[in-house]
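In the two assemblies presented below, subunit A is common to both, partnered first by subunit B and then by subunit C.
The block that comes next holds the complex of A and B.
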C-alpha cells in the first residue's frame, strides 16, 4: 500500500505548499451553476421573446405595406417607413441568435445582406429570391433603398410588399424552433460537448459579435479591411439616420445576452474566473460600456461619419475588438467551450 | 545474467499493439476524420524537413487502409517484420501530413512502431510455450520505452503552474461540473490540487512500481484506474487503452503465458496452425541491438532539447512537442493577419477560414511555427494575386493556463522577414512571467 501512503503524503503537502496567488483564490463554490436553467432562461426569456417581438413587428410592417399598396399616399408611406424602422431594430435582437433552424432557411442572409445591388434590384424584378446569388436584392437593405433611395417609392409598392413577405416567411418556423419539443431538446442538451447547446449558442454569439457587429456594422465601412473607408458598405445608407441606432440596438442585444441572469457573466462568476485581479465578467461588461461610449459621439448615419471623421469610427472598432479578445480567448477558455463543432481527440 | 526467456511477453505485446492500432484506424475512419482532417482542408501545416509529406487526396483512404491492414497483420503475426515496417511507414506518413493533428500519443505509436521494427517476435502463439524463445533484452527495451514516457510526463509536471496553481486542471475540471454526483467537486480548488499532485506522483512512480514485482499488481490496478479516469474526464480517444495494454509488458513470463493460453482457448485453430513453426533459442543480432540502443538513447535525450533554448517553453513551445508534455498547457488564442503590398497601396485583412478549417485555425492561433508558416503561405498566395512585395503582419492574442490574454506575435514584425530558424522569442512579445521547473 506504499503508493497510497505516497499520495496521501502528497495531498497533505499540497495544503502546506500552496500559497494561493492572484486568481487562485477559492471563491467558495457552494452554490451550483445550473446550465440547464441558463439554457431555459435563454430560450424562454431572451431568444423566444425577441423572435416573437420581431414577428409582431413584421406583421405590422406587412399590414402597413398592404394598406400602402392599395392606397399609396404620403401618410401611408410614412406609416410603412416607421414600421420598417421598428422591424429593422427588432431584427437586431434576433440576428445574434440566427442559428438552429435559421441556418437552413438562411434567415440572416436573406434578411440583411448589404450593400444591396441597386441596379439589379431595379432591373431584375423577376429574380428568383430563393437563390443565394439574389440575397443582395432583398431583405431590409433592399427595402431601405426602395423606401428612401428612390425618387418615388410608389412605383415600387408591389415590390416593397413582396419583399416584406419574403422577410416574414422564415420567421414563423424559426419561432417554432424555440417553442415546444424543439425548445426542450435545446434546453436538455446541456452537456459540454462541441454540439451541446451552451457551446453552440456561445460560439454563434461570438461569431456574430465578431463578424456582423464588429466587422459588418463598423469595421468594413470604416475601411479596416480595405485601403479606404467604404461609406456605401454601411448599414441602411439610404435612410440617412438609422445605422447608429441599428448598431446600438445590436450592441445592447449582445450586452444583454452576456449579462442576463442566469447567463454567461454569472457562470464566469460562479467559476470564480479572475484575470489580473479582476473578475473577467466585470472586464467584459466594461468592454461593452467602452464600446457604447465610443459610439455616443458618432453621427446617426455611419456612412456620413466615416466620410467626415473616420478616426472616431476606428476608435469604436478598437473598443469592439478588445471585447472580441476577452470573449473569444479568455471567456471561451474559462468556460471550456470548444471552438470546433466536431469533437477531436486531445492529449 | 539470464538472457534467454519466453517470447510470451513479446507475443502478447504484438497482439495488443496490433489490435489497438487496428481499432484506432477503424475509429478514425468511422468518425469521418480522414475526410475532415486530411481531405477537406486546402492547406496543411508541415513539419520542418517534412514539407514534402502531404495528404494524397482520395488516396488518403488507401493510406489508412494500408495502415489498418498492416496493423491487422501485426496482430495476427502474419509476416510480422514486413507488417510492422509497413505500419510504421504508413502511420508516420499520416502523422506527418498535417501537424495540426499532433498528439503525443500518435508520436508514441510512431516511435514505438519504429522500435518494434528491430524486435523480432515469433509468429503465432506456439512460441510462447517454449521457455527459451526470446531475449530479455527486447522485453526490457519495451519496458524502458514505456517507462520513460510515464516518467518524463511526470518530470514535465514538476513546474509551478501544475504544482502551485493546479493549472491547467483548474481550467478544465470545472467544465465537468455537470457530471452526476461528483460534478460539483470539480469546482473545488482542493480537488484540482489533488488531481495535479496525484497525477505528477503517479507518472513519476508508476514505471518503478510496475517494474518491482511486489508492487506490480497494485501498480497495474492504478494504471487501469488512472487511465479510465482520464478517459472519462478528457477527450483523449484511444490513448488510455493503448497505455493500459502497453503496461502489460511489465508482467512476468508466467502472466503472459497464461494470457496466451487463454487466447489459444478462444482461438484453438489459430494456435495449432502456427505451432509448427520452429525457431531455435533466440540470439539477438548485434545490429538490431545497436539500433534499439540508439532508439532508446534518442528517446531519453530528445525531450531535453529545450534546455538548449532560452525561450519560455510554454509560451513559445520551442521544443514542446515530442517530449511527453501531456496535458500541461491550456492555450487559447486568436490571430488576425494583414497583408500589405510594400510596392503598392493594396492591403487586405485575411479571413483565416478562407484557407483553414476551424481546427487548424485553433491550433495555429497559439503556436508560433504555425503562425509563421501560415504567414509565409499568405505572402505567396497574395504575390500570386498581384501583390508585388507582400508584407505580412499578425495581430494575435494568447491566454495561457488561466492567465489574462496578452499580445503574442510582435505586430510590427513582417513575418516574411522571419525564417523558421529564428528562435520564436525574437519575434514574439515577451511572456513577462516566470514558470519554474522542467
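The block that comes next holds the complex of A and C.
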C-alpha cells in the first residue's frame, strides 16, 4: 500500500503546485464531473437492477426446489439445476456490490464461500448456518456439491431446499437498500471522504476485483499462492462445466461497471487522465478485453483447465493482474481515493 | 551488507581503538551466513530455542481446539503437571522428550527480571489467565455467535474468529504477547546482555578458546547463539534464514519479515541478521566492544519490529471499525493488544530500559479494552489511534509509515 501513498502524496504536491486554490480533500471543487448523477445511475440502472434480477432468479430456484422436494424426479431435478446455474450467474453481477448492509448480513460469505467442506456437509445435517465456522457448508458451493457431486441428490432434497432459502434470506433487505429510502442517502453522499459513496463503492469494486475475481476464481486454483495448482479450489468444481461461465459473467460485471455511463471511465476522461500517452480509461478497457481474450480458449471447467494446461490459466491471471495496477494505483490516484483495505496477512 | 551499514560500527571500533591504549582489534572474519566452526566442527547451537518455539506453536494451535482442557493447555505451557510431574502434552514425541518449558522462560531475563521476581510472576500469571479464560469462557461458546458482552464466534471475511465477551481473541493475545515475553525478552534482555555474555569467567574462557564440557562452543558463543535462535532458529536453513523468513514460525521470525515487507522498513531483516553475524564474529575475535555495538543494533531493530507491528494493527483495527462491520476490527485489535503487551520487553540501547514500560503498556491496554463497555465492542477509533500515536512517539517512529 505504501507506494500508492507516496505516489498520492507526490501527486497532490504536483497538483497543488499547478493550482494553489485546490484543496486536496475536496476534489469536487476541482472537477466538473457530476458525482451525484453517477451515483444515481449506479444505484438505479446498474446495482439495483442486478440485485433485482438476482432476487428473481433465487425465487425461481426456490420454487423449483420446492417442487422437487414434493415430487423428486429427473425432470424436476433438471429444473432445479438449470435454475441453480441461472441464480449462480446472476450472483456474479451482485457480488462486486456486496456492501451497504451486505457486510452485516454476511451476504457474500454465506452465498459463495468455497471450497465447500463436503465431509461436514454430509455429516453435520444440523449445523447452525448462522455461524461463521459454517460458511463453508452452505451457499452455492454446497448446492454445487449436493446437486452434481453426490450419487443421488434426491436424498438431499430437504437440505437443498433449506440452503436455497438461506441464500435467499438476506437478498430482499439488500434489494431494499438500493431501491428503498436509503437509496437517496447513498446518492446524496456524493462528496469525497473515506465514507463517501464514491470512495466506498470504488474501494469495494477494486477489493472484489483483486480478491474474488483475480485471486478467488483464477489465481488460487492456478496455484499462484501455493506450490501447485489446486483444482478443487476452483469455483463450482462438481458441476464440471460452469466455472468459466461464472468467471466470464463476473468479468463482464466488472467491465460494465467501469464503462457504464456516467461512470468511472467517463470520469477519468473528464479529468483528462492519461497514462503513457493514452487515456487511462482506454487502457483499462483494453485490459478487460485482454483478460476476456486470455480466457477464450480455456476449458469450460477451470478445475480441468489447471490440470490440463495451467500455463493458459496463469496467462489469464497475469492479464487480470495488469488491470489491478491500473485500477488500484492509477485510477485511485487520479480520483483522489484512498485504499481502505489491506490484504489479510493470513494469520 | 552494504558499506553504509559498516560505518557506525567502524566508527565505534575507531573510537574504542583511540580511547584505550589496547592494540587494534584483529580484523573480523565475518562470514556470509551464520556459520562458525572450531577445528572443522560447527560451534553454533540453539536447540533449546528451536524446541521452545515448536512447543509454543503447538500451544497456540491447542488454544484453537475446544475439546482441550485448561489443564492440557497448561501442561503444554509448563511441560510439567500441576505437581511438577513429567507430562507428555505435545503431538511431537521429540517435544515430549524435551525438558524445556515455555513458561519458565517467560519474563525471565537477566536485565529486567533478575531482581524483579514480583513483576515476573505477574507476567506469568497473565499468560496463565489467558489459557484459563480460553478454556473457561471461549471453549464453552465455540458454536455460538458472539455478541457484545458474550463470548463466541465472529466472522472475519469467510472465516470464523473466536472472541471473549470483550471481543478479544485470547489465542492472538497470548501468541503476540509471547513474542515479547519469551522471544524478545530472552534475546534482547538476557542473551545479548553483557551481564550474561560476560558472566563469571566467560571472557577469559572465550579468549582462551576454552569450550564448555563436551561441547564445541564457548559459553559466550553459545549465549549469543541462543539470542539468534529466538529470531531465526526455526528457519528451514538457520544459517541462511532470510530466504524463507516469515514462513518459519508464528512469532518473531514471521513479524520481522512482515515489517521488512513494508517499504518504509525494507532491509531491517537483513540488518538484524548482519548484526547477529558480525557480533558473533566479534566474539570469535575477542572484540567485545564490537560485540556490544552489534547487540545494541539488534536491540534497537527488534524493538522497532514490535512497535511497528503494534501500530500497524492498531491503525488497521481503527480503519476497520470505521469502514466495516462492528466486529471487523477485532482480529487486528487482538493482535495489536498482544503486540502492545510485548512493548514492555523492548530494549532501548540508550537507556537500557524498555521504550514503553509496563505501566504505560497497561494504561494503553486499558484504553483499548477495560475502559470501554464490553471492550472492543465500543472502543472508538480515535482512542485506538491515540494509542498508536503514543507508541510511535515513544519509539521515534512516523505514525503514517508504520501504519501502512
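Just so we're on the same page, the second predicted complex is superposed on the first by the 307 of 347 C-alpha atoms of A that agree within 3 Å, B and C clash if a C-alpha of one lies under 4 Å from a C-alpha of the other, contacts with A are read in each partner's own complex, and residues count from 1 in each chain.
The rule is short, and it goes like this: a contact is a pair of C-beta atoms (placed from the backbone, for glycine too) under 8 Å apart; a residue touches a chain by one contact, two chains touch by 3 or more.
Fair warning: this is a prediction, and the values are worked out from it, not measured in the lab.
Judged by the touch definition given at the top, the superposed model places A:119 against neither subunit B nor subunit C.
In the superposed model, A:326 lies in contact with subunit B only, and not with subunit C.
Once the two complexes are laid over each other on the shared chain, residue contacts for A:104 go to subunit C alone; subunit B is not touched. Touch criterion met: A:130 reaches subunit C, while subunit B stays clear of it.
Ranked by how many residues of subunit A each touches, subunit B and subunit C are led by B. Once the two complexes are overlaid on the shared chain, A:225 sits against subunit B while remaining clear of subunit C.
Shared contact residues on subunit A (touching subunit B in one structure, subunit C in the other): 1-3, 340-342, 344-345, 347.
The part of subunit B that touches subunit A in the complex is made up of residues 33, 36-37, 101, 103-105, 163-165, 170-172, 174-178, 184, 187-190, 193-194, 197-198, 201, 205, 209, 215, 218-219, 222, 234-239, 326-327, 330, 332-334, 345-349, 358-359, 362, 397-399, 402-405. Chain contact summary for the complex, subunit A toward subunit B: residues 1-3, 6-7, 10-11, 13-15, 17-21, 23-24, 26, 29, 32-33, 35, 190-192, 224-227, 270-271, 275-276, 324-326, 328-330, 332-336, 339-347.
In the complex of the two chains, the subunit C residues touching subunit A come out as 143-145, 153-161, 250, 254, 258, 262-264, 316, 319, 322-326, 328, 335, 400-401, 404.
The residues of subunit A lying in touch with subunit C in their complex are 1-3, 5, 103-104, 106, 108-109, 113, 128, 130-133, 135-136, 194-195, 200, 203, 340-342, 344-345, 347.
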